[in-house]
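Take a look at these structures.
Both of the next two complexes hold subunit A, though its partner changes from subunit B to subunit C.
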Partner chain A sequence: MVRRLLIAIPTLVVIALAIYLMLATAPSNPLGALANDDRISAETRIRIMQTYGLDKPPVERFYSWLTAVMRLDFGDSFMSHSPVMGLILLALPNTLAVVGVAYIVGIVLAIPIGILSATKRYSVYDMFATAFAYTGFTLPTFLTGTLFLMIFTFGLHWLPYAYDSNLQVRDLASLGQQIKQSVMPIMVLGLFDTAILTRYVRAEMLEHLPLDYVRTARSKGLREQGVILGHVLRNSLIPVVTLIALGIPTVFGGAIITETIFRVPGIGQLLINSISTGDIPVAAALLFIFSVLVVAFNLVADLLYAVLDPRIKYA
Partner chain B sequence: MDVSSVSPRKILAIGAMLALTVSACATTSTPSPSPSAVATATAAGTAAPLFTRNASAVLNVLYWQAPTILNPHQATGTKDADPSRLVLEPLASYDPSGKPVANTLAKEIPTVENGGVSKDLTTVTYTLKSGLKWSDGSPFSVDDVVFTFKYQSDPKSAVTTSDDVDGVKSVEAVGTDKIKVTYDKPNANYYQWGVYSGFVLQKAQFGSCIGEAAAKCPANLKPIGTGPYVIKDFKPNDNIQFDRNENFRDANKPYFKSINWKGGGEAPTAARAAFQTGEVDYAWNLQVDAPLLKSLSTASDAKANLVTVYGNSVERILINFSNPDPALGDKRAEPDTKHPYLTDIAVRRALAMATDRATVGKELYGDGLAGKSTCNIINGPEQYNSTATASLDVCKFDLAAANAELDKAGYVKGADGVRAKGSVRLEMTYQTTNSSVRQSTQTIMKKNWEAIGFKVTLKAFPAGTFFTNTSPDGANHFWADVEMYTNSGAPDPILSLRPTWTTKNIAQKSNNWQGNNYARYSDPTYDKLIDDLGNITDPAKYVDAVKAANDYLVKNVVIIPLVNRTFATSGVSKNLKGVKPSPWDQETYNIQDWYK
Partner chain C sequence: MATTEAPLAVTAAAAAAFNRPARSLWADTWFHFRRHRLAMAGVIILTLIVLGVIVGPLLWTVPIDVYDFAERMKGPSLAHPFGTDDNGRDLLARIIFGGKISLAVGVAAVALAISLGTFVGSLAGYFGRLDNPLMRVTDLFLSLPVLPFLLVITFLFRQGIESTLGLELGAFVVIVTVIAGLTWMPVARLVRASFLSLKQKEFVEAARAVGDPDMRIIVRHILPNVLSPVLVAATIGVGGAIITESTLSFLGLGFPPDFPTWGRVLFEAKDDLDLAPHWALFPGLAIFLTVLSINFIGDGLRDALDPRRVS
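Up next, the complex of A and B:
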């Protein structure tokens, strides 16, 4: 286990280097928007580049960035001139309220749908569930998102066109508003998550159902419900749980397309904006935090494996 | 009156997205000698006000690019500069006709006639309104204005508005209510610092934010201002909540109690939000697909009107008078080289006659939605718009006439359909920026030009590369035969006519391609026209001379104007009144006058 932790460190350094060099050599630059502004002369641009430290070679910039990051200092945004961490903390609650909730919705729906699909294999219900799952992960979010917006906002005028990050849920009325403004992105993302997880739950269940221990449990006279939930599900969930753990970093990564369509000012929008405006400190911080989470949750998934399945042991 | 040339302000622009470009362009002035500079607004107290402060009204604004910073001196785009204008104001603004208007801090517009502008055009003295207060209740003072200039002109502050202080010698206080701006030399653009520039910061708030401290200043996100609104809450990359400035100088204004300024998303859904939901009162920059915009804005149940305003943002084709042949090495496209065929007026006339600007305007700019075709290089303010060009043969699309022109000049079509005269083949490179509209325009132009015997190679570069003076792929180097982009002119046409085509301003290696005359056009007749123009004092004659210069450029095909693009393309709620975008200022320059 310790060895695995130690491997994670060089992994992260390499990832950090890759991220930083990619951003530093990307064609977008923080003065890209200024390039279109005739009020800004070349000298001004050079001066501003210098204040950003962009006149120094990328490797030197990387070194000072990495040493700052080790002190958990992600620097200041080129665009807002304010600490990157503050911008991330502004965006994170919105992402969690939408992408996070969608993920939970996906898990909550996928498990029962998957169980039923597996136990009633080839029934009409299973066919429906399968059709739903394939629809869910073949339809891209930009399509379902735009479609929802066209129907429920611009067509029926039921739901707002944008997500209001200032809304605070205090009572039923504001909870209703929160549901109204987040239901579409949650549905779009939840549909996708549910679809994928359903297939996994179903496949794992099907793998376990014909096994000997299931027959033994039945022959002991256990009720079918007890067999399915107590034995088959528990064993089937082992890979599903690790899969869910591995998916958690994507929640923090936000959802670029869905957030843009529904105007949710979350991490996804922050990332895409920072990349397109060449706001290197913001983009680098987001990508780096994201990779830390991926590495960390890989470790968590491994640990979970060991906890859930006593046969697995790490040296 | 000898007025020396304007500071080398770039009157250039436009990027990958048609969107990003527009505003923030015209920081310049009215014709120096014309008496047009008369305060036109603020008939304070005389007429009955159109509205008084409303106790609860909320204004919903949607910019599909989210704001990131609210100090205009650190702003990197319209998305930041426009909302900051609600708080931080210049001394005066430009109205839709290009005239300065005293709707902000100055009591009246200084002119030569009222003595505010010195006869030699080196000093301008603004008198401030009396009793001005900052939104925190503290008194506004001339020191704040002087401080702002100091802040802006400190190179370490690294402001994005530093061009506004270029050539400004000093900004000083005279007494307690006057500001004197002194230029290094006579400046035809004498409102350079003061009108739609020099947004005044509060010294008390920004005093410790000058120089290197400017970048990391927390006040950049929540400046205290004199404008009609105050920032209640700002979430960068998301939204701004404004409240009314209770200390605003006009007791009746502004109308709205608060403003909900939402940013982010993309243009097509912003357009739908404005026209279909009624949840948005003002939606910025809806330059989406023309047919979609048309159907949304003209629907019978549309909740908003489409408001477009034209300034002088002309998409044009520049013709290279120097030789961009790479074989010339260091001499490539230097002013002493001569283009092998584009210096031949017959060839240029043929190109102009094979230019189908009507189709470009109709198909690509929605025939008035995002722009309309034009054959003038000066399209505004209104009085400068020449009508003489319409009847010129070079302004009419006529392939047969273009072919005849080339036949007459001795260019003969070869077996491959490309014309040549001796060893000079009509092969050209046509460069512009990456943008779907521009690439479609290139396709239309190429088709017609190839039909008359040219061979056209198309090139497109990212806007950042194209508009960089040191870039070999840039507009300044102009290492191509023709190139296309938009110039956004100032209210005074001489500020476009002089730098862009006079010999003195040729972009070349020795000036690091900083001159604005990228075409390397050098013509004593034109130079004289412009010198004379600078000496005209009679406004009517000035207008005629501007038109003559415009007609000269068009007739001799020094430039091929294509489309006059809209300055603003906004969705404005049918209930919202008082919106009057000025192509020479920001869309929000008069937000204090908006009401429902």
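Up next, the complex of A and C:
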């Protein structure tokens, strides 16, 4: 357990280094453009360089970037001139809520669909589930998002177009509005999660169904339901946890697109805005935050794996 | 073969199968691939799309950038089979043009990713000393959030490269390199795993015994055995790369506005979904059909190349 944590820390340090190198070597450095501007005198240029610490040797600059990152201090945004971390903390709960609820929807739907698909392999039901899963992960999130907008907003007028970030839940009516505006972003991500998880659950169940312990469970007189839920499902879910962890970067990628389409004010939208306005501090900070999230969720999955499978021990 | 273990089960059909002329690996793969209905449907759809993109510009000679404000956001008609966009430009011509870029990006990015992944994977799998450091690097890349990095790297580096290589080629090179640079890891792992088991096999020992150098053993003896899983990964990777490029363009951060890739057309269409649904529908359908048919082909290949397959 401690070893896992100890691997996560250098990973993040190396990612911080990678982000630093990327920014330092990029040809389109906004500060570089400023410093090369003819209208700025030599003294001003040096002063700018000194203010931002650009006159120091690279190693020292990386060290100060690293220590700042460790304190989660990413400086101020070029655009709003407020601390970057404040902007991120404001947006992060929205992203985590959408991603989290979508994942729960995915798990709740995928386990029963996967079980039925595996136990009734090659049935009409299985064919439908397979077709659904295929469509679900072949349709990229930006397509499902656009399609949902066409159907539910412009076709049926059921759901609002853009997400209203000023909406505060005070009573039942505003709660209803909040649910209405969250449905589409969650559905888009949830559909993708469900599709992938269904395939995983089905494949793992099929691996386990012909094994000896299943026959033993059946022959000792256990009901079929008990065999499937108590034995096969429990064992099948263990590898599914790892596969879920491997898919986490994709899920956050999907969140970026979903937030852009439905204008959910999460960190994905913040990233797109910061890139299109050239707000480097915010973009760099978000790269690091996304990496922290991915590493953290991988860690959680690893630990969960050990909890689910007592044969695995992290010394 | 199962026939030696169960002689009683040998029927006339099995005997006929046993006596048939020998097939090469590829003829055998094709034999099984042909029976995979979805994969064959995929081949047909993809062939049509590729043909459309290559031959299309010869048959449909409407230019992609002629503004016609009298024909703004018109639905499909005889003059414009896919309709027009908000500047009255013909969507069929734009989608044909965009398809060429989207497909080229997909194939080029995968070719690069496969080469890189195979290179890293064979070194890590063959040379024990390199295994740990190379796999740490691979794991590190695997824990990167791909899309955010893709967006930021493309943004940071495209200006510099576009100014040296030109707008179109510059964007192409940046996008292909970045997609490949962030997607080679699964291939590296796959190749390494196969190398680890294959290098213990007798045929490698035999090659070493006759004095083959490491390089020759890797390229001539082990790599051909890794080909089939890599081929499957490559096929499915093309679909993934097309989606990634479309995503970049859909977010407005991919190809410049003059290059209507499928994602770019969708990006332009997304603010007028209520007025011109056809504008988003056709590029969306193009992406969906292409990726779906590529995935089916990948699945068919996987089944056809699987040596444990029961026919």
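Note that the second predicted complex is superposed on the first by the 250 of 315 C-alpha atoms of A that agree within 3 Å, B and C clash if a C-alpha of one lies under 4 Å from a C-alpha of the other, contacts with A are read in each partner's own complex, and residues count from 1 in each chain.
Going forward, contacts are C-beta pairs under 8 Å (C-beta built on N, C-alpha and C of every residue); 3 or more make two chains touch, one makes a residue touch a chain.
From a predicted model like this one, the values you see are computed outputs, not experimental measurements.
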Which superposed partner A:59 touches (first subunit B, second subunit C, both, neither): neither
First, second, both or neither for A:89, with subunit B first and subunit C second: neither
Contacts of A:261 with subunit B and subunit C, given as first, second, both or neither: both
Subunit B versus subunit C as contact partner of A:273, first or second or both or neither: first
First, second, both or neither for A:68, with subunit B first and subunit C second: neither
Touching partner for A:149 - first (subunit B), second (subunit C), both, neither: both
Partner chain(s) touched by A:211 [first = subunit B, second = subunit C, both, neither]: neither
Subunit B versus subunit C as contact partner of A:47, first or second or both or neither: first
Contacts of A:175 with subunit B and subunit C, given as first, second, both or neither: neither
On subunit A, positions contacted by subunit B and by subunit C: 27-28, 149-150, 153-154, 260-261
Residues of subunit C defined as touching subunit A within the complex: 139-140, 142-149, 151-153, 155-161, 239, 243, 246-247, 250-253, 263, 266, 269-270, 273-274, 277, 280-281, 284, 287-288, 291-292, 295
Residue ranges of subunit A in contact with subunit C within the complex: 11, 14-15, 22-23, 26-28, 134-135, 138-140, 142-143, 146-147, 149-150, 153-154, 246, 249-250, 252-253, 256-257, 260-261, 271-272, 275-276, 283-284, 286-287, 290-291, 293-295, 298
List of subunit B residues in touch with subunit A within their complex: 8-15, 20-21, 24-25, 27, 62, 66, 68-69, 74, 76-77, 155-156, 158-164, 166, 212, 215-218, 220-221, 233, 235-239, 241, 262, 264-266, 269, 272-273, 276-277, 279-280, 462-470, 488, 512, 514
Parts of subunit A lying in touch with subunit B, wherever the complex brings them together: 27-44, 47-48, 50-51, 76-77, 79-82, 87, 90-91, 149-150, 153-154, 157, 160-162, 164-166, 260-261, 263, 265, 269-270, 273, 277
